Amino acid sequence: MDYFLVSLIKIVVVFGAFMTTLAYLQWVERKVLAHIQLRLGPQRVGPHGLLQPLADVIKLATKEGVIPANVNTFFYILAPFIAVSLALISIAVIPFGPAIELFGVRTNLELTSLNIGVLLILAISSVGVYGIALGGWASNNKYSLMGGLRSSAQMISYELPMAIALATPLLVLNTLDLRQIAERQGGGWFWNWTAFSAPPLLFIAFVVFLISAFAETNRVPFDLPEAENELVAGFHTEYSSLAFAGFFMAEYANMVTITCVATTIFLGGWHPPFPAPYSNYVPTALFWFFGAILLFHGLTQPARRWDRFTFPIFGVLSLGLGAIFLGATFFPVVGQILFPVFWFVAKVGLLLFIFIWVRGTLPRFRYDQLMRFTWTFLFPVALGCLLLTGLKVALFG
Amino acid sequence: MTESQSLWLIPILPLIGAAINGLLGRRLPKAAVSAIAILTVLGSFLWVIKTISALGDLAAPHSEHYFTWIQSGTLDIGVDFMIDRLTRVMLLIVTGVGLLIHIYATGYMDHEEGFARFFSYLNLFMFFMLTLVLAKNFLLVFVGWEGVGLASYLLIGFYLKEKFAGDAGKKAFIVNRIGDFGFSLAMFLIVLTFGSLDFTKVFAAAAKMPVEAHAGILTAIALLIFVGACGKSAQMPLYVWLPDAMAGPTPVSALIHAATMVTAGVYIVARASVIFDRAPLALDVVSYIGLLTAVVAATIGMTQYDIKKVFAYSTVSQLGFMFMACGAKAYSSGIFHVATHAFFKAVLFLGAGSVIHALHGEQDMRNMGGLRSKTPQTFITLCLAWLAISGVPPFSGAMSKDEILIAVHGKSEWMFWVGVVTAGLTAFYVSRAMFMTFFGEYRGKAHPHESPFSMTGPLWVLGLLSAVGGYLVRDLVHSIGPEVAEHGDHSSLGFIVVAAGLIGIALAAFVYLFSRGLSQSFAKALGPVYHLVYDKYRVDEFYDAVIVRPIQAGSTWVLWRGVDHYLVDGLVQGIGNTIGNVGVVLRRAQGGHIPSYATWIAVGAAAALVGFQILSGGAR
Amino acid sequence: MIPLPNLDVIAFLVLATFAVLCGLSVILQKHAVASALSLVGVMGALAVLYLMLGAEFLAAVQMIVYAGAIMVLFVFVIMLLNAGSEQKSNRPRYFAYFAGIPALLVFLGLIANFILRELPNSASVQFGAFTQGGPAPVGRLLFTKYLLPFEVTSLLVLIAIIGAMVLAKKEID
Amino acid sequence: MLPNAVPVSWYLVLSAILFSLGVAGFLIRRNIITVFMCIELMLNAVNLSFVAFSYELKKIDGQLFTFFVMVVAAAEAAVGLAIILTIFRHRMSLEIDDVSSLKN
């Protein structure tokens, strides 16, 4: 029964963390976007709007769920469910850290280990389109239908370069097991990570993967399925309340999953960018630096009235986190979990930040440009990259 | 065999040239096309020389095995090449003369359409000819044999816009089929008798056969081979295609229909000399046919006005001489004549081509004359060939012709005298052609001009070869064996032959240079005979009446109107109508409705399964 | 401790039932989209069954190619044409319903009988008993023994792509 | 009671059931796209039997056949759907009864 118990605990922890991340990712996005646009973002609910996600959830849950007339009710309700559940599955195979030993139980920091993990990710992402397509079609609304169709075509098209870009590092890593993929990149400096090995081929593959990831998750600059000035709100025009929340959550879940995949395959998973004894002090240094700035800023130049209190509090929290990490270097039992997770989360966070950054910076593509871009540029580049990498592996091992 | 396998390179090079010119030639500039054509042939010529010099005196043949082609029971036919003394001579002739004629052709064909096509065909011909010569078994010879026939057909019909060219090509092809039929039968007999087609095995076995017991089968084989040779080498009665083959471009006439392909028959007879030696009857037939052909063709040649026709009949006649030599067992003399003939006849044709080129396509000798000063280089080189063919010593033709006639004398006295007269006739008609073309007044309207160097160059080389080439190739040829009778005992005979040639020249000079009109009066005096000869003995008409028309009539009235229309059509249409009527009924099942088709498929599958159940159910 | 029921059996029964229900749904649903989604369900169930039979790679390919590409294409076309539901036929198919279906059931029974008779003691399926279906062995066989079929298939796909493009291209008036 | 193991023949029976469903669908459906999907269902059923035999014989050749069937099915779907698009464009109908130009 140990196995079931451990699995249960892991599921609870991962699911909780994942859902929280999804909720707060949205807050982060609003904040970052706001600052890119020189605004403040959510500010009212909680200090610096920190309770905003909770408020949103309550709002969406208590809204009236409208089912429009003349829709195919079954599929109309099914669509967001498909979207959400497919978006949430993939996280199960992502390894967050190495094998650990806690209370005499040895387990991996992941939900499940599959030796075809990469294929599972591809499979899930390839059926992910059903939710959107179905939602668009079931709404019985031409804008929704257009959005659904666009998304189908776009996701099928961008899946190709994505799959190829994903296959490229596999030539070097020689396994489909995500855990092994991550393990084979560790134990040294960051140039052991696939994105930086065999330069510049795999880095190109990484970039292709990121670009395709934008399209797969329907993010700016490829958010044509929900282009508001053409299609009102695309496939979820007719959705409201929790059904809408489902689509919304699915989008963010996809984003998180895909950045996790990118981190695992291209950026060395949970491995620090340089070897262990020194890298263990990085979190502490970072948190203390951040905390110090917050303290200093909050105490000396508060822009608003509440900043005088909130900033120092955050600063102290940050200092405390740093202290925890410092302490973890002396207690391997804690460190074995904290450090890998820290690096993993840091990398994922960086990639997510790039997602948001791009959204705040780039305009939207036109649809024909979008299709031409993938078929005439991205796909050949990915293919060439794959061929050259294969050649390199074949010639030089 | 310790030597490296290198013979395959000889035929392959021209094939590569043919492939390049045939596939890409139309997009290449003419210079590139000519360069490819010439360089590939030059390559194989040089390779021939290198191979021959590396192989020494070739006391034993050198052979190379590449791969097994056909294996069936005990019959094992490989793609094997062989080089012995006979092959050596043929290789030198084919590649050497072929090279010169290729060079010549670049000048001659300069203004023609289908430049690349021409050279592609010419290179293809070289490939097949070299395969024929190098082959180590009858089947591979047959491949080359048919291949040169194909190339010949393509080149005779080269002027696609002229109907007579196409007709001539078809005629050559069809007449050759008769010969090929004989050759195929010969091969079947050989397989039946010897169980192999390989030269070494067949000849070794044939040499061991007691003549008395097996004369019949050997004679049959020899005669059938000779039928093939008759077709390819234009002997009676299958010679009719060769004069018509002059419809092709002149370099083709020189290369294929004078120097190389038509000598393939002589080559194969010489190659199979072991078999012929043991078939006296066949040898007699060869001799008679050769003599008859020589005489008939020479007399026709005397009356023709088309310069190329004259030389074509001359070729037929000279081939007759070669077969006479073979019939007298003087195979090496025959091959010797092949070599010298290749030189001087090539010059004659190329010179004729040069004249025609100079006169912008004029071929009738009555519209020529006095070209001596207009085209001096052509004239001088032609003179060399003229003296050679006429048998004037010390030119090459005299040497080989002497040998042949001396050998014939050893076989039969009367044949020798007929041969001598024919030699005189030969000298007469060639001189006639020379006088009508180069002497006297110019009777034509065009403005003659000398040909470019690319044409005169080969002419000079070949002209010199026809002058002195006899000395060059004599030893090579005589090494083939068997020993030829020495000149010493027969010097008187040699004088007779030379005298006959000189008399022929003198007569021609008398008739065509000094006493104009004499020829006309001769022709009038002889009247019907002259016309008969002028019309080539009406052989074509005879064939037409005896063979072509009956077959045509039979085909039309019996096969077409009778069998085909009533029997076959009736049967076929009856079946068709019945099926149609049944179809009218069955058509209702074909609703064009996909699910109903699918239903039938499903029902069929179910029925099959049920049947399977019933059948297999009992077993368990 | 309660003895765990045999997961292989349970999983098979659940998946098989699901697959058959989805298959029924494919042919009984009035709406093309519903049929398509049911088919995706069949494919998903089959993918898991493949996994149980040790064909890991195929299970993934089944999802990626069949469910993720082919069926998306179907759904796409259905939506594009807005094919909607089938109209009532003016020609009822008594033949199909009253002869075809029973015949089919008989047929099915025969096949089942046949299979069970021909394979009375076939191997019992246990998850993890046969592990040769990973990407590595499949790939190795694909690029050695089946190289020619593989290349031919790739050519076929190329032809299909071109054919589909030519067919689906809008005709220029 | 449940047996404690599933024999391969059960998989084959499942395959047969699915195949028969595909056949039935092919026969009774009138929408071309649905008919086409029934073909895919039959292909899937056959694939299952291939994989089952692969397990029975402990050889992966059967899985490769399935792989090829999938690839060919993809090609078939592409061309088939293109044909359906063309038919729809010409006839404005997806009724299989309307498509009977095979007649005569």
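Should a chain be cited, it is by its letter among A, B, C and D, assigned in written order, with residues numbered from 1 in that chain.
Heads up, the rule we're going with is that a contact is a pair of C-beta atoms (placed from the backbone, for glycine too) under 8 Å apart; a residue touches a chain by one contact, two chains touch by 3 or more.
These numbers come from a predicted model, not from an experiment.
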item	value
Centroid-based (C-alpha) most distant chain relative to chain A	B
Comparison of B-C and B-D by number of C-beta pairs in contact, larger one	B-D
Intercentroid distance (Cα basis), chain C paired with chain B, Å	68
Whole-Å gap between the CA centroids of chain B and chain D	65
Centre-of-Cα separation between chain C and chain A, whole angstrom	32
Averaged-CA centre spacing for the pair chain D and chain A, given as whole angstrom	37
Where chain D touches two or more other chains, by residue	23, 27-28, 30, 97
Per-residue multi-chain contacts in chain C, two or more chains	57, 61, 69, 73, 80, 96, 100, 104, 107, 111
Touching two or more other chains - residue numbers and ranges from chain B	595, 599, 602
Interchain contacts, given as pairs of chains that touch	A-C, B-C, B-D, C-D
Complex contact set, residues of chain D against chain B	23, 26-28, 30, 35, 96-97, 99-104
Complex interface listing, chain C residues touching chain D	5-6, 8-10, 12-13, 16, 19-20, 23-24, 26-27, 32, 35-36, 39, 42-43, 46, 49-50, 53-55, 57-58, 61-62, 65-66, 69-71, 73-74, 77-78, 80-81, 83, 86-87, 89, 91, 93, 96-97, 100-101, 104-105, 107-108, 111-112, 115-116, 119, 121-126, 130, 132-133, 137-138, 141-142, 145-146, 149-150, 153, 156-157, 159-161, 163-165, 167-168
Residue numbers on chain B that touch chain C, as the complex places them	595, 599, 602-603, 605-606, 609-610, 612-613, 620
Residue numbers on chain C that touch chain B, as the complex places them	95-96, 100, 103-104, 106-107, 110-111, 113-114, 117
Residue numbers on chain D that touch chain C, as the complex places them	2-14, 16-18, 20-25, 27-31, 33-34, 36-38, 40-41, 44, 47-48, 51-52, 54-56, 58-61, 63-64, 66-68, 70-79, 81-86, 88, 94-95, 97
